[in-house]
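Listed next: structures, encoded as structure tokens.
Next come two complexes built around subunit A: one with subunit B, the other with subunit C.
Right after this comes the complex of A and B.
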């Protein structure tokens, strides 16, 4: 039995429907990340689980109990807000204990829990400060501490790292992963940052326009995107997608190379995807396609090349990304011949869904 | 229509642009000569002149008058008496009993003003807070109600006084209602207690919109996340109000309190039109006392009125300093 289950959850604001019948099962101890573009409904879905908003239809179960109409406070969940939502007029200690005092918990236990959370998060020296006297990272820790002291069934984290600078975000990400490993408590984490999703998640839920596009482990999502949206959304730079046509059990890629394309009707519009990482400089007479370099991002360990397919420089030049290992010594305007291994092709049918066919992944 | 609007805009702005071009070299020359500080002084000058003529000079003149005696109006014709007017005002056997004071009317007015401030400010803060809390909720017609509560602030105090006199006088609207309900009509404005209560109530009604607006702004500045965090924690509404709303609204409440105190001490126009200070002296307030002693009585005494003004100004200065300090600390401190 899953710990948190969403069954046909729908949410409308007035006449606008923002969540369309989401079904989802989250197991105990998982760290599930909701990811998707702005406005896809990931924060709304989190708020529905938290009880801060009520679904228009469908049911939410926690530990087998229907909590759809149960108040936020009685769901046993704790939330970390994007803004941290720390009470500015209270000290860190008061912020941590405020929620516990509502439960009429014995003072000694409140003190004990606050001390334990403070020790776990290394915020003991900050207990008598107010939030305005803390740095962004320290506030983030206090916000997490406020959730920890409640000893919740699950943590809900709404873009908790988005207000931090890049460096701090990386270190807090590692701390969150360590915290999850130590506590073993279920976490639902909302982010628009793919790297956070890929590095933290047990499973990722990709959302678009209020619908679940795919639920999978991070690498499965990367290796086997279920449809064109997920293929384009997961991975940076995004996957190169080539629209083409199935003819005689094959389909042509730019440059004329034909690759196997089974399982679709003859003549149907299909799309072939290739990740930038899976493109390489062609060897000898290896078949491939020519790319005119429009932008180079040299990162030292690898070089990201933005190019246009040679021969498409008219009104709609086809953009292609390639990630080449190391520092290949290319220059703007160069024409590169790129090859690839057919095993890395992703094939999508006329409906945009992944085709099960030859080759990995 | 667009081109009509365009030409109307050109007609309005063209003279301004020409004027700006004409004075620009002069302003530049002035700035070169005096620097940025001189330029700032130049722009402040009109307001400083108005402030000087209508506020600063009258204060100095008032101080001078308070040290003179007699009934003459012109300062040059009035004999210097030093602190005699102050001594006369402050001469009292028992300050809690105005009748034992030499200027019993002054002390009656002072006591009435003190009581008025006590009741009116308490009522004002309570009513404004409750109204702001209600208007801050997502109720239907919120915009309409916000306008309705603010509307009396736009009325002239004399109009406010007149409206309520028509309602509360012996043949007024309220008594019409009372009679229709089969009850005895009351003399609301001729009874010491109800007249005083009417002055408090009417003044609160007239000004509460302003204070409600300040408190509403404060409430809206409290992030919604804080309430949601409290909701997740299962915080009861009363505790949310006591532990979150009230402390975070503190700076706004303090400003409202002090502004209402200052305004309360200055109470005059609407109360004067409503009750004329009566019945007897039950709604005689300090400003009315000053006005009557200085201008409206047969034996006018400008020196005494000026001295009373200075004493009242002292109280107001203290309150204003408190208000400035509070608004500075609320502006400087982060929420």
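Right after this comes the complex of A and C.
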């Protein structure tokens, strides 16, 4: 049985609809990441689950109980805010114990839980400081600690790492993953950073404009994006998408190579996707397409090539990304012939949905 | 001392000669100091003058008292005068009594001989001295300690209630989104445009009907809801992030706890400013307490001061002395808390 279930949840603010009927089941112990471009409604959805906002329609269930009209405090959830929202006038210890004292918990148990959380997060030396005397990473720990002490049925984390610098973000990400493994508590995590999403998630929910585009395990999302949006959103640099036309069971790619395209009406507009990682320098007479290099990003272990399809320079040259392993001797303005394996192709029908067919898992 | 001297003689550049702008600046600032401090210092100096000296023309800057001498054969000390004799020599004599334009005087060294002197020929011998009875008499005999206590009570209680009610109103107006919120805010701020004198009569009727007339509560209660306070606190509370309140809500805090334990402590700087304002306002209130209070034992300081100004006779020496007493708390507040006042005014963005 799913622990948190959303059933046809919609939300509108003053007539503007921002969540359009979301159905979602979250299993116990999962770490589910909501990801999507800004304004897609991921934070709003989290606030609906937390109870800080009420859905306009639909129901939210936790542990099989309908909590749609239950107040935020009584849902048994804990939230970590993007700004941490630590009480600036209280010490770290008071910040941690505030929520417990409000439930009239016995003093001894409050002390015990605070000590336990502080030990787990290595913030014991900070307990008597105020939030203003802490660094960003320490504040982040305290914010998580404030959630942990409540022993919630699920954690809700709203972009918890976005205020940290890059280095700290990587280490906190690892700590969060370890914490989740240790506590085994359900977590819902909102981010716009797909690396966070890919590394942390048990399952990823991709949202766009208030709708769920796809729910899948991270690698499934990468390997089998359900539609053009997910294909373009997941992966960096993003997938190369080539619009073309299905003719006689095949479709032509730039450069003239035809690939099988089954299951769509003759003559329909289809899109073929190819990840930059799956392009390689063509060997010998291998068919492929020619790319004029516009920009080279040499990262050492790999080289990202931004190029334009040769021969399309006239009106709108199509941008193509390719990631070549190692440090190939290429220069700006060179024309490269790139090849690929058909197994790596992603095929999308006229409606933008993924076509079932040959495709690598 | 040398630091003060170098401060006062500081000039443009380093060690150059006086430039004309130095002179102008110095004169301008000196004039400013006299203009700002002169009246206050003169008030303090004059509060130590006796009634006769206050009526003198031309007035003196410093308080003086006439010297007296104990002369044999007289119970009371006699006032001393410098008398110019017909031969032009001057001698110091004590006056026994005055008869018409003549004064009967005696030489303290030779108490047997009485001397008649025309009053035009004598000048009082005076030295700088303080008429402290200006302070002692009202405080001891005229119940001014009682007035002082009333003022302290009114100021303290009114300020406490002001802070509580205004912060509650500001909390609702800044942190809850309800229909007509801006209209309510506008209405509250609009009352700033209605002066007390306009609502004096209806307010009196209300206070009278509620039985608060002639009690200190009648002075306190009508003044506690101040639009300035609500506005100042609301503007400050708007800067408190809503996420803090939501975090508290997740933490099982009731709305009252959110107000009392989260919002109020974070509003402390603005509360300090309002407290200072409120103390100064209530302490200086005159017209409303004058109207409400009629029993003498309920008078506040400002109303008490007014009792020295009668229709025919104004006891300037007492008024001046008690004005100084009345000023002291306000001056102290500004001396010690001016930091908060300027910070708060800047923060709230109002005058």
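In this text, the second predicted complex is superposed on the first by the 359 of 361 C-alpha atoms of A that agree within 3 Å, B and C clash if a C-alpha of one lies under 4 Å from a C-alpha of the other, contacts with A are read in each partner's own complex, and residues count from 1 in each chain.
Here is the rule we go by: contacts are C-beta pairs under 8 Å (C-beta built on N, C-alpha and C of every residue); 3 or more make two chains touch, one makes a residue touch a chain.
Just so you know, these numbers come straight off a predicted model, no measurement behind them.
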Original post:
Aligned on subunit A, subunit B and subunit C: do they clash or fit?
Top reply: clash
**OP:** Considering only touches as defined above, state whether A:38 meets subunit B (first), subunit C (second), both or neither.
**Re:** neither
Original post:
Counting only touches as set out at the top, which of subunit B and subunit C does A:301 meet: first, second, both, neither?
Top reply: neither
**OP:** Once the structures are superposed on A, label A:283 by its partner contacts, choosing first (subunit B), second (subunit C), both or neither.
**Re:** neither
Original post:
Looking at the overlay, what does A:83 touch: subunit B (first), subunit C (second), both, or neither?
Top reply: both
**OP:** Using the superposition on chain A described above, determine whether A:132 touches subunit B (first), subunit C (second), both, or neither.
**Re:** first
**OP:** Go through subunit A and flag every residue that touches subunit B in one model and subunit C in the other.
**Re:** 50, 52, 71-73, 77-79, 81, 83, 85, 87-89, 98-99, 102-103, 146, 150
Original post:
What residues of subunit A sit close enough to touch subunit C in their complex?
Top reply: 50, 52, 71-73, 77-79, 81-83, 85-89, 98-99, 102-103, 146, 150
Original post:
For subunit A, which residues are in contact with subunit B within the complex?
Top reply: 50-52, 71-74, 77-79, 81, 83-85, 87-89, 98-99, 102-103, 132, 146, 150
**OP:** Sort out for me which residues of subunit B touch subunit A in the complex.
**Re:** 223, 225-226, 228-236, 239, 243-244, 247-248, 250, 334-335
Original post:
For subunit C, which residues count as touching subunit A in their complex?
Top reply: 241, 243-244, 246-254, 257, 261-262, 265-266, 268
